[in-house]
């Protein structure tokens, strides 16, 4: 693998609140550039495939796709380790993949199969990967942020030199529990990084209709913040690195990622009643995070158009194979209905008069 | 009554956030000065009497006294009308009095009598006076603020040229629902004035131990704020006037009243484990809100020391009489247990099989 | 005229907004977007954005604001985009909505309506499949109703809005597209009245919301098998219409409860207790209650199906009860 | 040694903190101040402010943070200064505390303890007199226990901390100063076991928390009148110890439930339903349930007294049941 250092300039400057912004020159390597391209293309393909599976009714319920926002997941992972924790909301497929989750687990979970990352019990909104510190996948807007700050508390408690990225949307940014958790994190100097993925809409509501002050990086008031071009994986990487250092040394910080979702909010939203098609295609043409990396790959002569096309074909096959494999996976056993309600296996059944049989002896 | 105008200078300047502070010269009159003295002295006496009644076990449960903070209640009332609404937390006796409530209602409620302002059902934390727009009296920290913003919404809805003062403490200032309600109020341009009575402690917790940024007038971030000497009734009056104008024209604003409670948090807190006796006596000597007015009354030759002493005697008698009268009041009837659960009188009883007898016909 | 359940709710809401200028609507995406389940469609255009209010995602604060506005006499209809989200507003609903009338000695009333979709849908996952009636039922001072047909949806919506009490109106995610012909004339439903769905002699089946349809499906089979079940949609979840229920028990002497909420602390438990207390002497067999399993609703389709009561289980339960 | 109930809780907590460095405590005024009811007295001095954490008044966030910390393996003990305040954290408690283990397919466990005082005290008013067990009981995935003596307070506290499941431990405002001699040796109580308070033959009285003392007061009178009641403190509010309860029912054939929570949707309703379902054939009379009135707790002393069940009512109920 070619790790020749390359320096890349972010196309936009950072805007900082109560801190000095990091440099716009980001260190990278040919390998990283190619990796970025490949992983983002894989993410995009995965989401498009999920869309098709949804339309074919193999995925049901709520399904929130991440296409358009890939640079955030990619840039963040490039700056941190798997000891650093991530927690996010329901738009979690690509974060899971970024943490090392497999396509097989993704599609199995989406189709409610045993082999899903949550055994089919969680669904699209509930991906987790404990061994690489991915704490989910949460369905209630904003409620994952206190959890994330609690994880950061545990990191401090255990003297791990690690941080937690607690991700939320522009809509979620108006939830009171964020302000509560931020205040506590600041009081306790926790290594908590609040990442606002500002895709400019919370369902059908434009940011300015939900927030009097849509400058999310400043919404921490007394907590420092940084506004980042969330369509530029390198800007994200730089910001996350900066934030990690900051958090370990000085406590919480907010990162506002200026990004965009191409799909509607979830599969039931066409996504075009509250924004214009022009707006969407404008972003696609001018700010697409994959195109940006592609251009860099080409301009640095790291691959040819043809090689990238081949790579995309390979990815498509990889995704298709994963889907086929997932389709072959069995549905959960009926007994799974009752496991994991309680740790010891009691629970529902324990309400029967035969309860003593499942009586749990405490350690 | 002597309404000769007098101009009084606030002893401290206002500190403003995102707005220009009002002038330090406050218009008043001899009558107002005397009224301030009398009402504050009455409030203080009432609270001291409540303390004794509590010790005599005639008042039970939670009882939060307001002595020390009287200037806030007085100054606020002087700036507004009874069409303007007020809502506060549990430290509500004096606010109720300021809104025109009677001592008889106060003591009856405190002793759980029929004649109490809430029929004895509410107790110390639940005083209300609907006809003069006093919306209570609430026991859950912070939860009154959304209610207050909702009242402000109704004022806007009904095109009343009136505002709502939603009062809360420095401890309450960290509750997420405040941030939520403030954002909505700002989005909707509601005539909501958030009044933070900063007495520097939330129970046993000093402000700086509960808030990373104890500058409560700035905690609205994008919402203007004003820091006010809450021990100076005239500063409070000026600030409330300013805030009312602001709110009617531009929407919400925060007033931070720098004040102090002499008593412990509630009757079960001696109030001296988390702060020094010196601190308390220092405030009493240098910043007492009644002493300040008294000095003004004397220096303007509006009354003699003797006359003020007589007035205090009169007040003491007034309070004692009210207590005696309240003690004679009957306890609530047993039937009162079930009234006011539902409007139509059904409720508990309606769970019996005879329910049809209390069947309610809708209008 | 014929309409879908969500349209019936919309019609009821619109009529009440026409009738009373104090009625307003607030919630997430209820305005421009017309509501996630289209219950507020067209209202923002007609009544303007002072009466139809899009809120940020702040359930606690906007519920509290609705309650505050109600203290002044407004009649806000507060939409929970999904009822489950209102757990964030639990304190406002219990302490303020439910208790302010009492703690103020009757000075204030809280004429709000809190409404929205709940229930197990089609693989919506744990948070979006909740049946909040179990959590809310002990709150003093609130009334709770659940609609199940376009007819009663409209009637209950109108009654809830006119009630001086705070009313929680439960809708069901899977019932919004039910179609029915409803009267052209104005009507309201009684908030405390159960609905006789099918009179019968052999057994009383008490149900509500979506389970009504599972019961009616089972009833078909049962009739074929020679049973004559009486099916009652209890509709009023608090207080119960023990008059209607009691009369039925006196007739059939057997009770089966079919509910979608969870077994522990559910509506069925309260109903069992109430029947036991009031009509025990009329019972020939213990009340049987079929509820959803006490588990967070799983995503997988098969698991989800096993979570809620299915028609076949109802048939079996009736057969056993009527032995 | 002899100690007061709050000291027993403190002792249990301290022992567990000694034993396991992952145990920490968070809540309002639990540190410097030592806790409103002194349950955390001295802990901040001993364990430092990383393990004993004073929080701002943000129930929703600090409960959520405790749950997040638990996901990593810490064992936070979260104090609700009064249980009623945790209504603000309802969403965290139900959706995260109760369901994360399930939605993650078992990947995460949530070994938190949520504890604090509840119940009707001495004229504390509507908000501060709540019995949250009714609201919390349907939440899947949580266990609930109520302590009533220094002995079981300590034992349940220790067991709750060691449990891998989220446990809500209910204390009662009026019981903190009960005195009792407890063993010097270490012990824990079983989280799912009822406590036989007084064996007897004529009737089973099921109760918990403070009502245990009202029942025992009544029992004295009853014994004098010639009755021999069996009194069981159910202790485990979720799940019920139906083994102990069932054996008692099989012996006495009569059940009286005495609870402090409200009638509608209370623990008693669930218990009635459970007994009805499992032990109906052993019953000679319908289960009777005495609960608090379905009203917000009024402030006035007289009204408050009428709200909760009094010993005389228990005596009467037993006499009627045993006729």
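Order as written gives the chain letters A, B, C and D; numbering starts at 1 within each chain.
We adopt the following convention: a contact is a pair of C-beta atoms (placed from the backbone, for glycine too) under 8 Å apart; a residue touches a chain by one contact, two chains touch by 3 or more.
Everything numeric here is computed off the predicted structure, so don't read it as measured data.
Give the chain pair, either A-D or A-C, that is connected by more C-beta contacts.
Counting C-beta pairs in contact for A-C and A-D gives the edge to A-D.
Measuring centre to centre with C-alpha atoms, which chain is farthest from chain D?
Relative to chain D, the chain whose C-alpha centre sits farthest away is A.
Just how far, in Å, is the C-alpha centre of chain D from the one of chain B?
36
From the mean C-alpha coordinate of chain C to that of chain D, what's the distance rounded to whole Å?
30
What whole-number Å value describes the gap between the mean CA coordinates of chain A and chain D?
One centre to the other, that is 40 Å.
For chain B, write out the residues touching at least two other chains, lowest number first.
In chain B, 118, 120-122, 126, 139-140, 143, 174-177, 180, 183, 187, 209-211, 341, 347, 351 touch at least two other chains.
Which positions in chain C are in touch with at least two other chains?
Residue numbers touching two or more other chains: 56, 58, 60-61, 84, 87-88, 91, 95, 102-103, 125-127, 140-141, 264, 294-296, 298.
Residues of chain C touching chain B in their complex?
24, 50-51, 53, 55-56, 58, 60-74, 91-92, 95-96, 100-109, 140-141, 143, 159, 162-165, 188, 190-192, 239-243, 246, 274, 278-279
In the complex formed with chain B, which residues of chain D make contact?
28-29, 32-33, 36, 54, 56-58, 60-61, 84-85, 87-88, 121-128, 263-264, 293-296, 298-303, 306-307
Using the touch definition up top, name the residues of chain A that touch chain C in the complex.
60-62, 109, 112-113, 118, 120-126, 139-143, 171-172, 174-176, 202-205, 209-211, 273-274, 331-332, 334, 336-338, 341, 347-348, 351
Write out the stretch or stretches of chain A touching chain B in their complex.
174-180, 183, 186-187, 209-213, 218-219, 221-223
In the complex, go through chain B and note every residue touching chain C.
So the residues of chain B touching chain C come out as 85, 87, 116-122, 126, 128-130, 135-140, 143, 145-151, 153-158, 176-177, 180-181, 183-184, 187-188, 339-344, 346-347, 350-353, 355-356, 359-360, 362-363.
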